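Below is one structure; the comments refer to it alone.
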């Protein structure tokens, strides 16, 4: 009657863990899946990719040249000129399309510049601490306390007005954002157990820095970079608006807006389309950045 | 606490020194000089040379810098090269104008941003949430000068609802006492003027406040969501606390801490970053003042102006840090950190 | 005698005040001395914050000790230069409490296990790869696991990886800092068995830190009890569990819940909390909670002395 | 037992996540009698907390949802009533203590504020009255320092905080106290204090306690009856003596055997092979089958029911069901 | 908003003048910018004045005057009974006081810089070129000016707003030389009331003004609205009554709007493209001529001046006497331009930097656009122009140093004398860096002789002939592409009457009123 199962003897050999059949996914595949599930990331990347395509394919999208004048001055949008024409009779659609190139260029270069410099400084400050940290942190404080647009204006005034100098100015004013982010990230990664483990393993500082700390710091930088991209586009437009950015006849959106400002009464479309283009690009990057942040944020992970 | 404040103020010194050096070098590296502005478009070379000498611009840069620092240390912010006015006096109304604008913009931003953020977080993933967050995103995506122009065109011109520019109807008899017009109007008991001042503030403040509002709304939302997931909110619910109190008492106070940082940072940025808004709305503010000074190579104004703005920026952030301690009892400055 | 620790002390500064001056000290480890024999397991127990981890880390010089002596195989570790110490770490390895936090989330298991070999210049590429396979096998994982990332494992598996990594350089001493605390019971036993097997196989020596007294008892040869930065009792396992001398050890042992409803014993319920290591009580650190407190305890710090047969205790009783 | 305070029947609780539906609780039934201490044990992730949160109506929704089953508290089905009615019961008749005393108190409000809040939500009393009650309750849990009411949580040690949590839960003398791993984050000596305290409260006030833990030692000490969960299901349920002396389910047996006993010698421990199944892909049939030593063909196909092995001893295993059948035919 | 403009402030008649920038200072002798002088014109009167719509000289504070035969002594008879705003009397002493203050660097009240004085009168006391030998009071109402050498444009110079006479008492009360610059005291139709920096300057009617019944307004407010579009919006919504700096394109809108009226300010200016003759390839006259041929002035005027400008043929506008009507302009002919280039040895064109100003100037409301426009045409003849911009200060600095190859530039006449255009802008004397006035760095000895001869003559007829000849020489050498003489469009609300925009840019608002 007593068919009790007896407690299992302790000496029973331990069965090896069975190899699992479930498909092993790389973090990249994981990321792609999470990404595709994230609505704003997808919408954002679609917008960004479209602008990227527009930038690349600009000459094929429009049959006009962005400097080509016509007799039709300040014409309202029509079949011939989808966005109308400007005061020199140039096709606005074409100019907006070509403007994409400039804006993306601005974002890319300004932001990669500030990421490289900012991260490097932040890395040094966070990892080595001590006087290096104090010094670099002060530099960040200084740059941050500067009224950034005024600093940019001064820098451009100093170096001369051109797109590349505007880029440089934008890159400089964005350095502390990335620097501080990197520093705080390094500080937190530095105190992780796996860094301690790496030291316990007998690794050299340099190896720890580049193999263990750096790879674990780049996600927030990437997120911030995407958002910074958006900011840079707006900043470039602001500088362009003040006449400090791209020089004619480059169709930079901010410059176009500045030029169009006086036609706001007469030809509002000259004002609306470049403005919408800026807002849309920036929106795309913001959506993408937001999405990436959610995806990378461990707190958002279930 | 006091020692913490002192420490922070001491830390301000290297920042200001670095700042003054950078400003000085950048400003002096800009080609051209103030002598030309002073004499205008026409002048003989001899005249220009003479003015340069009068201004001490022919001396080596480091001597000019030390002279400047010496003056600053004696509390002398210098004299505008163009107007010959003392900067400390001249800048006051500009600072006040910008501060008034920035504060109102910030109030708008905080009020709408925080409430939008709360509602979004509360109704997470509802259509309200999506719309609010989309609006917030569009808010940060718009160049403010564009927004300002559009606003002006639509509300001032097409609808003729609000004044398009300036701080006050110039026909109004009005004494600027503190140069915060809203306060001045109250002091003088001039309610008509007060109303006018507020009306004039609306468009520029909305233009200026849009980005901070959007940032605050997003920040509030994410920080609310995070706090709402926390154990102590679960505890509050487990006590049987009503949803309203859970949100506005237990969650908001905790969620507000990161928002506070954003508010401080943005307020600082608004003060120095209002150049474009000031230009579009003819707001006689400090951003425009320094911007003009850059164009005129009015060295002392640029230097002292930026120094003042930076100091204010740092002070605001210090105040924010102190507010933390007030909101969050866990933070105690001056003790072991 | 593999490891000898004499009067180890580690303090952490408390910073504050004007310009971040040092305003105080936390004495995390205070005057701790013990030895570990080759091939044995010394268990270290105590409540949270009493300095167990700090002791473990100070021995590996992951926290530079404030004072004291650490002799490993007769050589003083503290005398080594940074580079020499780095090389010496080959023989001294560590297993961490949180198997997730201690594995770099961006490295594949392959890289995690291979890296110590690279660092210490062991073998060429092919040999290293082979060795990694062997390690995996040793801890009960298989080849296919090598290309995965830590987050794709369960807690128990991750801890196996942590152990494999510690083993990779064929160390002589392994400091295991609460290696099973984060694991569920059914998994915990897998890991404990593995550790025991490996010890046998490679003649490993363990310094096993834990707060679970039953786990410590299960795995250790000798057990040390820490309280507020100090070692209060140290003895052979059976001796300690059967004849605890120090009132704290007694209370600790009595407080352990026993999974047996029939088991009845008199609990010693201590009053109060563990004091802060920033300002430890004068005299015997345990006196505010001690049921047998005497006047002398409040003034004089008792000596940590051999009470006979290698049973050390620090108590005036 | 005379009366049940809480009766959960066939509770189904699902989380609708991006990766699919997680059946976190899959047909759990249990009951708690008046004055009884019921232990709910099981490994991490088996659904203990979720079950207790469901009682409080605190399941994060979305993604969680009670899809089926009932939770009867004093004859009221908590899954059916409105949030408002539920709020009235919460904190008053049913109270809860959470695992992490460190994070379960709001850091920005004083201890007094948070304690008094409970009273003032449910009773119309003055502030000073609430304060008095708070102080009294704190004394009950062994804190007599009056100044503590004005302290902030971070100024207290873990043990103190957990006492405050208990005081908060006991404030209104609830009929049912749910304690979700209340001592896991604490040290052994402090844990002993807290367990002692809870036992006393149970005796003194007759509060029923649903005690959730993964520590079998704690269960053995505290609970009258024990419910063992595995992967969202109850696998065994009986009084503590029977459970410890005579565990029926292979999982329970395994669990017991893997604990290093304090009196045991240094030998190999038993270990349950494999690991807890992934909640997204539960095995077909019996959920423990992949790890079970006595696994039979049927176990991989059908899932067994929770049936009485003997009076007051339920188990979810085909082994026993066979046994029962045999027993039935033999008599 | 369109609220009652006079609400809340009684029933006084207030005029609001919207403009692009604030004044720098209000002591006219220290200022050179138009925005300052625009205001001081209302507050401080000058000895002689310009006519309402031209630079012809009419009596001001001086009723009449005579000059000696040799042109070295000028005697002015002052109006009587004129009072400064502070109540002190205006008399010969006051005039002498003002001139002493300006010309004598050792004068205790000579604080700061007096750029226009030095510029118009050849420096200060003691300088070799200084024209003014002595200014003395003959009696209470008579002032005598003795000159060191005759000066053709002497009267025109005196009429400039910069030489407005201020109250000596007020100046003496301000030994630091700061206050007067902030709140000037003169004899003009309006008194200074208040200055809100970067915002508005308020003037009130001077009840004691010597012309009875004037001015017509009780109050004039100068309001700065930096953005052109915003200013126009403000005008349309009634926030301001009149404005300058209208975008040329908006002129059409003004004309179409019944509530507004368009005002055209005659331009005594020239906008031009300076070709740096010392730099390759502009050292070749053919190249310069080719650029001239490649310039579509009509197109530029259509696009950026909305038609409100005259194509420039000579370096000076036809409102200035001595203008050569005979000069033939280069036609717009790209083919011819190209062949000229070929002839000059540039069959494939060349690369060049094209300086363009970004700040709107009266003669060039949108330099960058003009450059952009020309860039297209230049491209067609093979010239690849890269547009370079700087802020105005840097721009002037670089151009003054001759760093440019070609630069858009311009000039607004000060006193309506041809010398003020031709000598200043094109004589070799003015090619000295770093502050050259002749930014084409054009050096022609024949031209130099002609201009110097004209400068020293006081015979109008002889001067006219000389200047006509000069213009021919210039046209042939083509150191510039003269582009436009801009008529500056401005706007006011329809009810505004009596506003006559003056070529100098400073209008007396004496007769302006709202309604009838």
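Which chain is which? They are A, B, C, D and E, in the order written, and residues in each are numbered from 1.
Going forward, a contact is a pair of C-beta atoms (placed from the backbone, for glycine too) under 8 Å apart; a residue touches a chain by one contact, two chains touch by 3 or more.
Because the structure is a prediction, the values reported are computed rather than measured.
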| item | value |
| --- | --- |
| Mutual neighbours - chains that touch chain A and chain D alike | B, C |
| Fewest touching-chain hops separating chain A from chain E | 1 |
| Pair sharing more residue contacts (C-beta pairs) when B-E is set against A-C | B-E |
| Furthest chain, CA centroid comparison against chain C | E |
| Rounded Å distance between chain C and chain E, as computed from the means of their C-alpha atoms | 88 |
| Mean-CA-position distance for chain D and chain B (Å) | 54 |
| Distance between the centres, which are taken as Cα means, of chain B and chain A, whole angstrom | 25 |
| Of all residues in chain C, the ones touching two or more other chains | 157, 190, 193 |
| Interface hub residues of chain D, defined as touching at least two other chains | 254, 256, 268-271, 273, 275 |
| Junction residues of chain E - those touching two or more other chains | 227, 229, 390-391, 394 |
| Chain A residues touching chain C - in the complex, by the definition given at the top | 14, 16-17, 19-20, 24-27, 192-194, 196-204, 207, 211-212, 215-216 |
| Chain E - residues contacting chain A, complex | 227-229, 232, 247, 249-250, 252-253, 302-304, 356, 358, 368-369, 371-373, 375-376, 386-391, 394 |
| Complex contacts: residues of chain A adjacent to chain B | 138-139, 141-142, 144-151, 153-155, 157-158, 230, 234, 237-238, 241-242, 254, 257, 261, 264-265, 268, 271, 275, 278-280, 282-283, 286-287, 290, 299 |
| Sites on chain C touched by chain A in the complex | 57, 60, 62, 86-90, 92-94, 96-98, 101-107, 115-116, 119-120, 140-142, 144, 147-149, 151-152, 157, 162, 165, 169, 190, 193 |
| Chain D partner contacts - residues on chain B that touch it in the complex | 125, 229-243, 250, 253-254, 327-330 |
